[in-house]
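In the two complexes that follow, chain A is the common piece, with chain B as its partner first and chain C second.
Up next is the complex of A and B:
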């Protein structure tokens, strides 16, 4: 698959990595590639979302447009929006 | 000597700085508000350096590093992480970095980290990049040693380095037991003889114990103390059989708790904070009357120290990393509570005063100069 450019919406807990940006662009044809591209530009951001076994962390959700991704092999198309969402309950 | 206490809490980090007399304490922070901070440790080899183990409710675990005594912090470029699992292997992921220990005095820049699930990690560049210590993490016996995990995952803590030999290490796993390496972490052996494991079907097992906190005396490194889920122990190497010195505690108090803190100079003196380990394990101050207990004779006798502490209806406890001494000539002793208060004594526990209130739940209190 050819790399495409998409928009990534950044949840507030991760904006310390993007210098406060709520939305950034990233290149890649899959979520794995998108996150690798993001990590090159914003070092450390990927490991806060994805563990060392390439599993999305329990309190993170990744959506491609309106569909929740179950893994990093999910395809991303040109012009898609990847949403990084944090899911936490309790005080 | 200037004193700073670093307070690690469930919602961020704080610093308490004292005047020369240690009478006035000023609270600074929060740093990293909203982060779950498990441990902040100063590097005695270079006191400008501090490492912090942190995560948030959402985000994965990491380590932050300061080279200016905590004014600014940078994240490790390669935080502790297990290696990628091969097909069919258990795929372990670090859930929290729980414990930090600077390496041996001769190994500048070396640090160790303990995690949950139980993993041992080492950095050789001051905490910037961390690698798994395969000798423990991939030990053929590891899955048996730490088989009895709690739902939150077992913790690796109390990483101790013999000041005479950088290759002589101790670690503790709660639940798993105490382990010793004499070859720099290449191989490990259980060191749990004499320790009770009342919760197991066979209490005489060689591993599977629940050490809450282990301490080695820096000036007498053959002496170790150990607060366990099932008692309070001392070990004088080369012996391998722990002696239950908690038998000398009052029966009404028992010998269950989380922390044990050693006098920096006197190897016969130690302090503990007993908690209620009866019935459903309330894990509170016993009877709502918090007290520190001190031995001056290596655990043969213990004395209650509660002057200044609440005399009733105080139901906090003190977690394993939340009690420490300073290095002043009149030893200061400090603890932080699960209720968010910090207590100080500048006379070795004889009298206590509260120096900070209303912080989040306190996980660790460490002293820095």
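Up next is the complex of A and C:
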């Protein structure tokens, strides 16, 4: 599968990694590749979303467009948007 | 429960809506709604519910009004500073609508009192600012079979969802567990003042729809709002068969308290140091060289003034930067008042650091007891 470029919308609590950017672009044909690409540019961001066993953390959800991704092998197409959603604490 | 002439006049704009009318307004009058937290979210939610004629409105909050609340907590005005929020909210809501009953619950919601507090209400609106309470409220609603309208905010972003027993997923289906990392609160992260206004109004709208049985609730859909981009997004999510509270084999069958990482509860394996105690320790460590002072405040606060030799790792970054603490060092975590440093200790213990230290009372205590020349920046 060829790597494609997609948009990743960053959850508010993780925007300190992306220097405040709400969305960034990333390359990869699967979520695993997308997150690896993100982590190269924004070191540490992947670990906030995924644990040591490559499981999406229980307070995080990843959506490809509007479909919830169950794991990192989920494929991502050109022009897709990956949404990183995080449990928020404030009230 | 019929409407009085005064109520007919007050709710006229509702009464002319076919979807509400007199029958709907009477349903609102019969409704008993509990708002958890009289903060950024609870303020607009409670104001709109009171204005709409929700007949019985409960407000749970054990805090007092602070001046820094007034930037977004529109229930209160300057004259209410230092008052109990639950009491001040009751007075404001009764003033807005004398035809409803407002009950102030100036208590901290815990597993032990949840059944008692929830007992008198049909619908729960969650506007808490603590993740541990958010999960407790969700679990309580599932266990007691009460609908829940939940929302949360962070800086410029908010999210909302609705749980209706038997009709869709709960909050744990979306986020099964709270993070095991420190969660900055609004005071540390900041929040756009209008953000909870948008989300709180959505919560009131959802509550009113549920009471009236009209429209389509946010069941199985997470609504997100980004104020910077001025965009709403919607994400469908399903009930988890393995959900710990609403799943097929639930492991949570009674409300239970969980420890918040940003709470003040100290792990057992933490050295609590007074300012004088730390000064003594620093004298001893000058020869041993094993003591590492880790200031876990934000860089802006650190730059204003810090202890000599301290390194700066903000608590929000500590988890991924723990390796910067030398392996054989005895770290002492320091912050402004001793809250963030305690959270840092909990993280350090989990990372395998033995007996991390924590300066009780933080640099405020240090400035008061040891060095009054130290400039301590305001938090956040």
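In this section, the second predicted complex is superposed on the first by the 87 of 91 C-alpha atoms of A that agree within 3 Å, B and C clash if a C-alpha of one lies under 4 Å from a C-alpha of the other, contacts with A are read in each partner's own complex, and residues count from 1 in each chain.
The working rule: a contact is a pair of C-beta atoms (placed from the backbone, for glycine too) under 8 Å apart; a residue touches a chain by one contact, two chains touch by 3 or more.
All of these numbers come straight from a predicted model, not from anything done at the bench.
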item: Combined model on chain A: chain C and chain B, fit or clash; value: clash
item: Chain B versus chain C as contact partner of A:87, first or second or both or neither; value: both
item: Touched partner set for A:59, first chain B, second chain C, both or neither; value: both
item: Chain B versus chain C as contact partner of A:68, first or second or both or neither; value: second
item: Chain B versus chain C as contact partner of A:44, first or second or both or neither; value: both
item: First (chain B), second (chain C), both or neither touched by A:22; value: second
item: Touched partner set for A:13, first chain B, second chain C, both or neither; value: both
item: Where chain A meets both chain C and chain B, residue numbers; value: 11, 13, 44, 47-48, 57, 59-60, 87-88, 90
item: Contacting residues of chain B [partner chain A, same complex]; value: 56-60, 62, 75-77, 79, 81-85, 91-94
item: Of all residues in chain C, those that touch chain A in their complex; value: 37, 39-42, 126-131, 134, 151-159, 174-179, 181, 183-186, 189, 191, 196, 222, 224, 226, 228-229, 233-237, 316-317, 320
item: Of chain A, residues touching chain B in the complex; value: 11, 13-14, 43-44, 47-55, 57, 59-60, 86-88, 90
item: Residue ranges of chain A in contact with chain C within the complex; value: 9, 11-13, 15-16, 22, 44, 47-48, 57-61, 63, 66, 68, 83, 85, 87-91
